[in-house]
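Lettered A, B, C, D, E and F in written order, each chain numbered from 1.
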Amino acid sequence: MGEILSLAGANLLSPMVLCFVLGAVAALIRSDLEIPEAVAKGLAIYLMLAIGMKGGLALAKTGGGNVAASLAMAIVLSFSLPVLAYAVLRAVRALGPVDAAAVSAHYGSVSIVTFVTAVEFLAARGTPYDGILVAMMAAMETPAIVTGLFLASRSLGASAVKRPQRRAKLLREVLANGSIVVLVGGFVIGWAVGPSGMKKVEPFMVDIYNGMLCLFLLDMGLVAMRQLRSSHDLTVRLIVFALVMPLLNAAIGFAAARLLGFGLGGTALLATLCASASYIAVPAAMRLALPQARPGIYVTLSLGVTFPFNVAIGIPLYFAIAERLAG
Amino acid sequence: MGEILSLAGANLLSPMVLCFVLGAVAALIRSDLEIPEAVAKGLAIYLMLAIGMKGGLALAKTGGGNVAASLAMAIVLSFSLPVLAYAVLRAVRALGPVDAAAVSAHYGSVSIVTFVTAVEFLAARGTPYDGILVAMMAAMETPAIVTGLFLASRSLGASAVKRPQRRAKLLREVLANGSIVVLVGGFVIGWAVGPSGMKKVEPFMVDIYNGMLCLFLLDMGLVAMRQLRSSHDLTVRLIVFALVMPLLNAAIGFAAARLLGFGLGGTALLATLCASASYIAVPAAMRLALPQARPGIYVTLSLGVTFPFNVAIGIPLYFAIAERLAG
Amino acid sequence: MGEILSLAGANLLSPMVLCFVLGAVAALIRSDLEIPEAVAKGLAIYLMLAIGMKGGLALAKTGGGNVAASLAMAIVLSFSLPVLAYAVLRAVRALGPVDAAAVSAHYGSVSIVTFVTAVEFLAARGTPYDGILVAMMAAMETPAIVTGLFLASRSLGASAVKRPQRRAKLLREVLANGSIVVLVGGFVIGWAVGPSGMKKVEPFMVDIYNGMLCLFLLDMGLVAMRQLRSSHDLTVRLIVFALVMPLLNAAIGFAAARLLGFGLGGTALLATLCASASYIAVPAAMRLALPQARPGIYVTLSLGVTFPFNVAIGIPLYFAIAERLAG
Amino acid sequence: MEIHRRKKIEIVVESGMVPDVVEWLVAHGVKGYTTVPKVSGFGRQGRRQTEEISRVFENTLVIAIAPEETARLILIESVERLRDYAAIVYLSDVEVARPDHF
Amino acid sequence: MEIHRRKKIEIVVESGMVPDVVEWLVAHGVKGYTTVPKVSGFGRQGRRQTEEISRVFENTLVIAIAPEETARLILIESVERLRDYAAIVYLSDVEVARPDHF
Amino acid sequence: MEIHRRKKIEIVVESGMVPDVVEWLVAHGVKGYTTVPKVSGFGRQGRRQTEEISRVFENTLVIAIAPEETARLILIESVERLRDYAAIVYLSDVEVARPDHF
């Protein structure tokens, strides 16, 4: 416990996490601080490209390991995690079936920024991780959407999940969505060019990375807190769900990491992936395919509650647990 | 005199100041060059965060000194400098009372970019400065607005300074405005994480800082010269005011620095702060609270005349004088 | 031949070129990936400023050489290259006179990004180049527009090339266009501040340059492929033109480089300049002055066909030929 | 020169729906449309505003000039079609000079 | 389906005033509004254009659909309320299908 | 307070032409205008959309409130003047409170 607290404290004292806190404070005191949308999107693309390249390079250096098994596990996790979230939400009567299905898809998918922050946490401690984790993140982004829509259609009737030809289109769109393309593309590039090629872009992709993350987390702090403030649909039950669900999913992540034989870094990251909730790709998909579900609920839970929790407390916690499990 | 000229020459030969000149030239020849607004705002936030962090780090390294006295002095200066500017403008009959009050608020407040350029000037000469100067800048941003509105209300009648509940709102807004939040937030972060924490973000916050400043000053040159060109309300009297007022305010800054016992760096920077005029926070506040005052005058004087003067000539001048005073 | 293939292979394995390919693939699979326009414009200004400064610094270091002759040659090339392109297009009956004139102007002008990628290619091989090449690029940007309009007016009647006073305005606008101003300005700054001044901005202008280029080429890949996909006016004849014309123009570039006595680096770069086609300044000018010409043709040929060809194959090819010529 | 009457259809709708809306307009024979992106607003679904990390809370304004019958049909269909989404639709009269274009 | 007449209120105003304007519209019972940011323009106050370092010279277009009486009242009040600011206000007729929304 | 009728002129035009269009409006005595930049669209010239590397495929919406005769003249002249460019023009009725402004 003492160790966890000291890890959390050290985490909170990193400039990146403090920038997140600064953003949240700015939103709390209703500052007009605004990171232009174009800059935030540019930063997001940079972070995804850089993290992809780093992962690909790591894979090129350390070699494959159980690549296929890892990816298969990622897909299975993303397909199945929403079922647990849905069951919990329905069991505690926190939401109706359609809203519950939409929320559950978010918790089966992943948050890239949470992952990126966790990688930074590891780097600050000199803990290595397997490059394949980046590919696993890409693989976990979309299957959860399918499960979420399936859960909703059980109660709505399949027809109400908007027009079937729309659904086909939706799936194609989700698979080719920008984040996945940049992540996977960066991963392949990092792997293909190897250490000598990456050397050429190291000052940009590696050296200034933490600083870019500072700016981006400043924006995320703003956005997360504003979302939380503007929300009218939250109940105590929902907030508790958004704080406990990451822990449940992290537990499943630990089990999966053990099955795959991951080391400390990989274990902490896989737990983080399971614990994190999407707030970009999944909301967009849900909004179009399941308009009856309220975005004020699913965006607020994943972006306004679970994301800050993971950044501030979750990541050091999962790391500490991974240390015990590995030790 | 010779030394001042050589300092001014060296200042003009820095890539940063030449980028400012390039922007001004581009506007003069009516080039369509355009730094997208989002990029300019992103750069501004970066600069404020970086300068804040550097100031906080400097404070962490060198220890407090007379923090409270410095902040109190900053607030007193900002409250009182507008009175002098107002008196000058009215004495030479350059403007009516409302316009004069609006302009005076700008000269009591500060220009962050001027400060940032001055810090760079010191860094190029290896002159250290006290971190508290950054906090003083934040403290000087808003009090001048209150004085400006008070001066205007004397002639308009308090009721004409728009609705009182608006004024309360205005004050709250101004205190939580984005620049102050990022500056103070960066300051606290730099102070809290100390040298080891700042190490992580050094390539971004320190190494590429000058280059980012180049891009930003390119934009400022464009904007300042376009403002100057488009203005129709300027008179010779006003232009002379905008060139002489910085010198008067700098003189007060020197006196204040002596009172506080500042060294060379701190003295030059405090004079620069007093000499600089706001062109972001104060115009926005004046426009809403004092719509009768003409923005074509106050923005043009502070952004189009005083700002270029300070960047090109003022900063090396204040430095040379500070050297004499310190020597 | 083997050498050319291995150079092309090595070129394709640089992270920069792979990012271009990634962008093209994203567009091909209809990903919604989007680099915000503001970010792309910001990156473009950065690249032009940095390449300008590097060129100016190189000139300051190596001294003048035949500056006047080089600039005169650049202007002559830009004025005359469109005549060849026009003759080819008309000879093979690929286009009517107005469209042919518009296209020819693009091939007489230059693509800055192609040049920037070629400079990077040289840097990776440690091949130096004369700084004057950057000034030659700036000089080549606009004369071709005059030739293109002249060719069009022959068939339209001068009056149809839109109103004469518009034409005067157009020429002024084109000469003061943003890219030229930043390029030439950066060049002068780099030359004026010299190595000690450039040292201050090296981490930004030099160290992270390749990485910034990665992001920008990612966007260019997207934009080029989307343009190619959305085009309805392309014929096989036109595509062949856009692949062969760079080779013809490169041949003229080799001859000009020999006349000027350029070394390996300069020869490869001048060939690249001749071979490249404009897709920013010239389309904008043609659209206003020659609205009868179809932008779907000229933008697609230069941006969608010639640009990718040069980035992937042309640059290593011109380098290999320059090696033979120099050897 | 004669002046011709047409209807202007304006639709404020969540940005993610724009491809759908545009397809639907074109299916009704509309010959062109204009979209104004990144529009903010307030309505039954509360505050909707751009500068968000996702486009879920962003609106777009879609404008189309079309013949009266087309416009009315679109207005009527919109009630059902856009029911679950953040959206409003309204028509107004406009005059144009080139009737073949609209 | 019946079609209902409403008024469209359009206000071009300096961006800093938008929170005020919107509050005022809502105080009149307007059920929704749409804002188009970063609009440029020219008027009595000269050229006003975005891409500025401050928002002092930036305009926003505010659109609200409302019942006729509300719209007229807003138009009349605007003369006094926006006198010192860069602003114009104008009304036009629109047709809507869902009268309860506006 | 009296209410006055004016015409609203709306022009969707390729962005490069905006300086020309605005000069032309002002030459007709229009007292002000508003421009909405970075507007996308579809028409006879195909899809035109912002976020491009050049502004060749970008549209702008120009709005001007003016007296009826001015508006009609502009509409008629537009046919010839904008023929070769991507552009549409349409008029509608608006009501204003301050007749001297428009």
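In this text, contacts are C-beta pairs under 8 Å (C-beta built on N, C-alpha and C of every residue); 3 or more make two chains touch, one makes a residue touch a chain.
Since the structure is predicted, the reported quantities are computational estimates derived from the model, not experimental observations.
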item	value
Required steps from subunit C to subunit F (each step between touching chains, minimum)	1
Chains touching both subunit A and subunit F	C, D
Shortest contact path, subunit B to subunit F, counted in steps	2
Chain separated most widely from subunit E, comparing mean CA positions	C
Pair joined by more contacting C-beta pairs (A-D or A-C)	A-C
Chain whose mean Cα position lies farthest from subunit A	F
Centroid distance [mean C-alpha coordinates] between subunit F and subunit D, Å	19
Subunit B-subunit E separation of Cα centroids, rounded to whole Å	35
Between subunit E and subunit A, distance of the C-alpha-averaged centres to the nearest whole Å	40
Per-residue overlap in subunit C, given as positions that touch at least 2 other chains	34, 36-39, 42, 203, 207-208
Set of subunit F residues in contact with two or more other chains	36, 38, 50, 92-93
Which chain pairs touch, all of them	A-B, A-C, A-D, B-C, B-E, C-F, D-E, D-F, E-F
In the complex, subunit E residues that touch subunit B	14, 16-17, 20, 38, 46-47, 50-57, 84-85
Residues of subunit C defined as touching subunit B within the complex	36-39, 41-42, 45-46, 49, 53, 172-173, 176-178, 181-182, 185-186, 189, 192-193, 197-198, 200-201, 203-205, 207-208
For the subunit F and subunit D complex, residues of the former touching the latter	10, 12, 36, 38-44, 50, 59, 61, 72, 75-76, 78-79, 88-93
Subunit E-touching residues of subunit F, taken from the complex the two chains share	1, 3, 6, 8, 22, 26, 31-37, 63, 65, 92-98, 101-102
Sites on subunit C touched by subunit A in the complex	13-16, 18-19, 22, 25-26, 29-39, 42, 124, 203, 207-208, 210-212, 214-215, 218
